[in-house]
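Chains here go by letter, A, B, C, D, E and F, matching the order in which they are written, and residues are numbered from 1 within each.
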Amino acid sequence: MHLTYLLPAPMHATALGETEMRRRAALLSDWAGSDTRITVTAVDRGPASVESAYEEYLAIPAMGEALRDAERAGTDATVLGCFGDPGLDGLRELAGRPVVGPAGAAMALACTLGHSFSVVTVSSGVRPLLRRLAWETGVLPALCEVRSVELSVLAINQDHDAAYAALRAECEQALSTTDADTLVLGCMSMGFLGAAEQLTAELGVPVLNPIRAAVHHAQTLHRMGLTPSRRAFPAPPALVADADAELMHHAQNRLEVTG
Amino acid sequence: MHLTYLLPAPMHATALGETEMRRRAALLSDWAGSDTRITVTAVDRGPASVESAYEEYLAIPAMGEALRDAERAGTDATVLGCFGDPGLDGLRELAGRPVVGPAGAAMALACTLGHSFSVVTVSSGVRPLLRRLAWETGVLPALCEVRSVELSVLAINQDHDAAYAALRAECEQALSTTDADTLVLGCMSMGFLGAAEQLTAELGVPVLNPIRAAVHHAQTLHRMGLTPSRRAFPAPPALVADADAELMHHAQNRLEVTG
Amino acid sequence: MHLTYLLPAPMHATALGETEMRRRAALLSDWAGSDTRITVTAVDRGPASVESAYEEYLAIPAMGEALRDAERAGTDATVLGCFGDPGLDGLRELAGRPVVGPAGAAMALACTLGHSFSVVTVSSGVRPLLRRLAWETGVLPALCEVRSVELSVLAINQDHDAAYAALRAECEQALSTTDADTLVLGCMSMGFLGAAEQLTAELGVPVLNPIRAAVHHAQTLHRMGLTPSRRAFPAPPALVADADAELMHHAQNRLEVTG
Amino acid sequence: MHLTYLLPAPMHATALGETEMRRRAALLSDWAGSDTRITVTAVDRGPASVESAYEEYLAIPAMGEALRDAERAGTDATVLGCFGDPGLDGLRELAGRPVVGPAGAAMALACTLGHSFSVVTVSSGVRPLLRRLAWETGVLPALCEVRSVELSVLAINQDHDAAYAALRAECEQALSTTDADTLVLGCMSMGFLGAAEQLTAELGVPVLNPIRAAVHHAQTLHRMGLTPSRRAFPAPPALVADADAELMHHAQNRLEVTG
Amino acid sequence: MHLTYLLPAPMHATALGETEMRRRAALLSDWAGSDTRITVTAVDRGPASVESAYEEYLAIPAMGEALRDAERAGTDATVLGCFGDPGLDGLRELAGRPVVGPAGAAMALACTLGHSFSVVTVSSGVRPLLRRLAWETGVLPALCEVRSVELSVLAINQDHDAAYAALRAECEQALSTTDADTLVLGCMSMGFLGAAEQLTAELGVPVLNPIRAAVHHAQTLHRMGLTPSRRAFPAPPALVADADAELMHHAQNRLEVTG
Amino acid sequence: MHLTYLLPAPMHATALGETEMRRRAALLSDWAGSDTRITVTAVDRGPASVESAYEEYLAIPAMGEALRDAERAGTDATVLGCFGDPGLDGLRELAGRPVVGPAGAAMALACTLGHSFSVVTVSSGVRPLLRRLAWETGVLPALCEVRSVELSVLAINQDHDAAYAALRAECEQALSTTDADTLVLGCMSMGFLGAAEQLTAELGVPVLNPIRAAVHHAQTLHRMGLTPSRRAFPAPPALVADADAELMHHAQNRLEVTG
């Protein structure tokens, strides 16, 4: 199958650049296995960084365009490259094939591994958002708490070891102060640094990498021949009337790399 | 005080046009009372109509720009002109003064008038969205159900009486089949046609007009000197660093009318 | 409009006396604005102080009589002068016009200002009651916690500064140990001392004064032409049969002052 | 043990009169068994009938006085003679020995007999109240629904068979339209007519008589040496200071009969 | 009535032996009163000890056989001798008379004594199980928390005083850090050592002994003529077809002692 | 990977026999894909059929033995062959590798495809059980309802077309009377007849085959290197002390077939 990983920010125009996109494509390809072809796509415009709900909203229109282009190019499923699952309901309205949000996929998976899970993320500001995503997924009763360390993306990239140590300390707190038995890593950057796998090994409880949860979720849907419910996410009437309608299109200068 | 009513679609460029905007401004002015000055503002671009979650996302960036312009022009509070409360959390991040969503304001008010309320709206597709708004407001336990008739905006405008009759029949069903004791009209167009007031008189239970609920909510916050919690809706860091930052701006051709 | 503030204890017969009633009337008048006439009424009998649920029950019959008298005298709405919303459902059965409980009004308002609110009150014994009021209002999911300091009414009146300091310390704890983003002051006495406004300014989050929330709530209902749902609060059959029925009346010696 | 059954209305002054009080005392005595002495007490004043929340509030002060008198006379426990559990929290503050509300006792018992129970009562107006009692007891998740037929006390007394038939039809509806597996009879009058026992036999599911549930609940607490938690229901400070304090007393003309 | 107390492990084959079974039978007899005859029965096989969910499952088939034998021998009700209520739903399918789980009975009773209760047990591993039992009983909203000390059955038997001290310290923590107003002792061994009664006296809040709660629950059902709902726990079809069917029987070597 | 499908009843000793086991193994193999080796194992003893909770309990000990044998034989994961997820918590205590319950896996997957799902199963008696499984998985808020037709296993096997028609009619009812947007087929027999895939195609909403959901769930866990949380499902102490302990073993006469 062909799976697209859709970045909500123009990473190719940032300091991380194409190099990081290629590195992520390679990791995704390893994780997905040989029967899945990976494309990593970044939107062509948007705020320099997404650090607020408003900036997330600014990103969604370009994500919609990139998603439609990916489907026209034959992708079998799309995974959103942000743990906030930005615009998931709206993007599913546009899509003809599975669109997977990592938060939803990881939290649904966590439900099946124990009695109660906690999410550990890197910014306190997203705690209410992540609780809302748990509610939208329908799993709020299984969510013990959302915890966070205050790590900026910059800090993560400058010192991986310090970032990992902070994250691990927070996970240990989660386990020693509550009955949570499963953890979800609420951060794609740390996910691409292998933090979840290392934490799983060191802490002795499952710590879910949301990227891998989302990729295998997309594979499962593809293999089962399922798409998100059209009854839940009906196509915009303008698209129903004209499948090629451009709801509000822009010229593109988007980057894609392949894993 | 100065209150801005912010339309999420470019109504001035549609068949309803400036005439309807002026009519709405006059009604808002009547409802708000003589100590409140009303401006009705429409965004300058966006999908021709908002009939899906994706189109709602398309509207939010222009709403953010219009909101910032309204605050620069001295508005004391802004009411969103859509019962879906589009982008409310993100818009509050941008704002320095109260931003009010009609669904949240009306549902919070409904909580105080009885034991259980139902929302009656004009499109079945928004039922899950309205349940989510009830959850976000924190009032889901008081929500009995969301009911809908299938009325297009076109149908409402072509035959007000038929639309009212359909709405009233649905309200009667809501009362005869459940213990709901209070109703919320989930539709701004019907709100501007006086449906809520007529239904209140005819059915003998409170039927809330969300427009008026939102206007008085904004007045209450203004008079109490309150704004939405900055802890819940922190300003985007880019705006904190530079208050005049244009996160992603466009040339404007927006219309404002005064009530 | 004419608004009555109904005290559940015979304050005119206590040490605070008429002087405090006049002071409160003046404050209410300032808060309500020039288009609202205020009457402060105290019941004519009842326990010397209300410090338990049983004493609250003892107060309700006299409140019912005072409410009916206020409506006969032409009040447009009545606000209960106690954060416990004593007898609200029963009093609404008697009333023909809005009766507002400050706890319900303030908690509904708090729902609209953030994701999660806490109530900070002055007596630990009322914590279960306030949770019940949140449930009755339908907003329990938005209630983070009810916190309290142990301040007696006497202590508040003897040393306002010490009382304010204790309250502020508790509010700071509420913010530092939970994700609550909005606070509700659960105390009318502190409300009449301006504590909420000072806390809002000093803490940087909205701290709601329940008195003002209730007054503006009553104004909103009056302006929208709404009363609590008769379906939720049906009139006692004996009153339906005879509108002048005295369900169980007593001679009165009640005090009213005007703001 | 000595158990007092406390009627919230002056039944001795109504058409049912002492005869009915004696009949009820005899039934209670049969149900309780030979080791329990029964006293039926009616309050000495109050509304002629209790058909609204306000009238329930009117009854509570006299119930408090009667409860204190019963405890002074040596009762070991008191059962409230009304399925609305009027004033239960306040009365427990006054009491030194168990006070049992039939709704709470019956709903807690129903929880243990299946997965989901429904209450079937005789007046639609009390449905919200009974839901609140389920919440206060903490068993709302087990409550399937509250159903009602419209039977007045007069109608029940005039034609027992018609009343039973209506009740049985409603119970059958409860079982055929939901998954409720246990029923609670929400009516003391029908309870004293043996309806619950007859319905249990005819319908093949447990139909709980709330009177008997409350009596055995009181016996259980007495035998286990338990009283309701003083932490939940602290004594009014005025009573703590002076155990003989009369919070607000009246001359009495109360009737007691013994089973 | 005749009540059987059914031990899920072959206690007669352990160090505690028949002596402890006789001691328990005597205590049960004292608690139940003179009108109830007690039989203590231990299953004839099963894991040496029950310290996991899997071992609990291993115990259930033998419990089913013992239950059927007890009913054939004329027991009027059966109380399960384990706070985990092992196999309660399945055992009720087999039974023709009341089967009572101590956890469900004690938690339902706790609901009626205050606003919120906590369970204090002796092993952290059962906390999720006890939360599930609270959910199955329908009382989860009233459950404040499940707390535990780490006491093995061996430790309890070796040093009662140390075990009691640890338990009391945990109960004090439960009361000082939460609003729980009622406690449930989640341990049958400590129940048979009188810990609940001592804690009730020393802490000033009700601390429920689950054994006595279950015994009186069984008496209540017997006196009211009620059995668990057959609609909730239908008989296995094989038993309906042949009331004497042995679903999967074994030779027995069971011990019974009488209180 | 090597995946074991564990049947809770001795199917090889029933009319369906080895032929059906081979057919199921082949289907599982097709669904799982070429990189997964399938073994179908039936327990060696147990009730002739599992039609009650008690019979489910009778099956669990033999399932535990079969599971341990499968792990000793090198299986990488085990899927339980019953939609009731019998003994899942206990079996996970025994296991060193993933054990997957089809109900939990399918319900978690359904959460991610829309706002609200319903389960459609073939026996009304399991509705409370399936609600409990939804609660244990943590997804109860997303469960709209559990519906059932009354189809015996015999009826399904005698007339597939009639069974499918009944199931489809129930699914159509689920969609026309509620807002459910996703369905879960609550029946393994119908799953092996391809009903879910046909319903998905005919009804236009996702209808999940729980068998395939469970198989892909097991693959996902295997590929991510995850096992259920040992903190949630600790090994029985007797096994920790002696990894080869036979908690309660029996001679075996089990059948395995390979897909």
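The rule is short, and it goes like this: a residue touches a chain if its C-beta (ideal position, glycine included) is under 8 Å from a C-beta of that chain, and two chains touch if they have at least 3 such contacts.
What you are looking at is a predicted structure, and each value in this text was computed from that prediction instead of being measured.
K.L.:
State which chains count as neighbours of chain A and simultaneously of chain C.
P.N.:
The shared contacts of chain A and chain C, listed by label, come to B, E.
K.L.:
Using mean Cα positions as chain centres, tell me which chain lies farthest from chain F.
P.N.:
C
K.L.:
More than half overlap in residue numbers between the two sides of the chain A-chain F interface, or less? Answer same or different.
P.N.:
At the contact between chain A and chain F, which are copies of one sequence, the residues are largely the same (over half shared).
K.L.:
If you average the CA atoms of chain B and of chain E, how far apart do the two points sit, in angstrom?
P.N.:
Computed from C-alpha means, the inter-chain centre distance equals 56 Å.
K.L.:
Please report how many Å separate the Cα centroid of chain B from that of chain F, as a whole number.
P.N.:
Going by mean C-alpha positions, chain B sits 47 Å from chain F.
K.L.:
What whole-number Å value describes the gap between the mean CA coordinates of chain C and chain D?
P.N.:
Centres of chain C and chain D (C-alpha means) sit 31 Å apart.
K.L.:
If a residue has to touch 2 or more other chains to count, which residues of chain F qualify?
P.N.:
115-116, 128, 135-136, 232-233
K.L.:
Building nodes from the protein chains and edges from chain pairs that touch, which of line, ring, star, complete or other describes the result?
P.N.:
Here the contact pattern is something else, fitting no line, ring, star or complete shape.
K.L.:
Which chains touch, pair by pair?
P.N.:
A-B, A-C, A-E, A-F, B-C, B-D, B-F, C-D, C-E, D-E, D-F, E-F
K.L.:
Taking the complex as given, what residues does chain A use to touch chain E?
P.N.:
115-116, 179
K.L.:
Could you list, by residue number, the parts of chain D that touch chain E in their complex?
P.N.:
Chain D reaches chain E through residues 31, 33, 35, 100-101, 104-105, 108-109, 111-116, 135-143, 175, 181-182, 197, 200, 204-206, 208-209, 212-213, 216-217, 219-221, 223-233.
K.L.:
Any idea which chain E residues touch chain A in the complex?
P.N.:
Touch list, chain E to chain A: 127-128, 131.
K.L.:
Quick check on the complex: what are the chain A residues that touch chain B?
P.N.:
45-49, 51-58, 60-61, 64, 87, 89-91, 93-94, 125, 128, 132, 135-136, 232-238, 247-248
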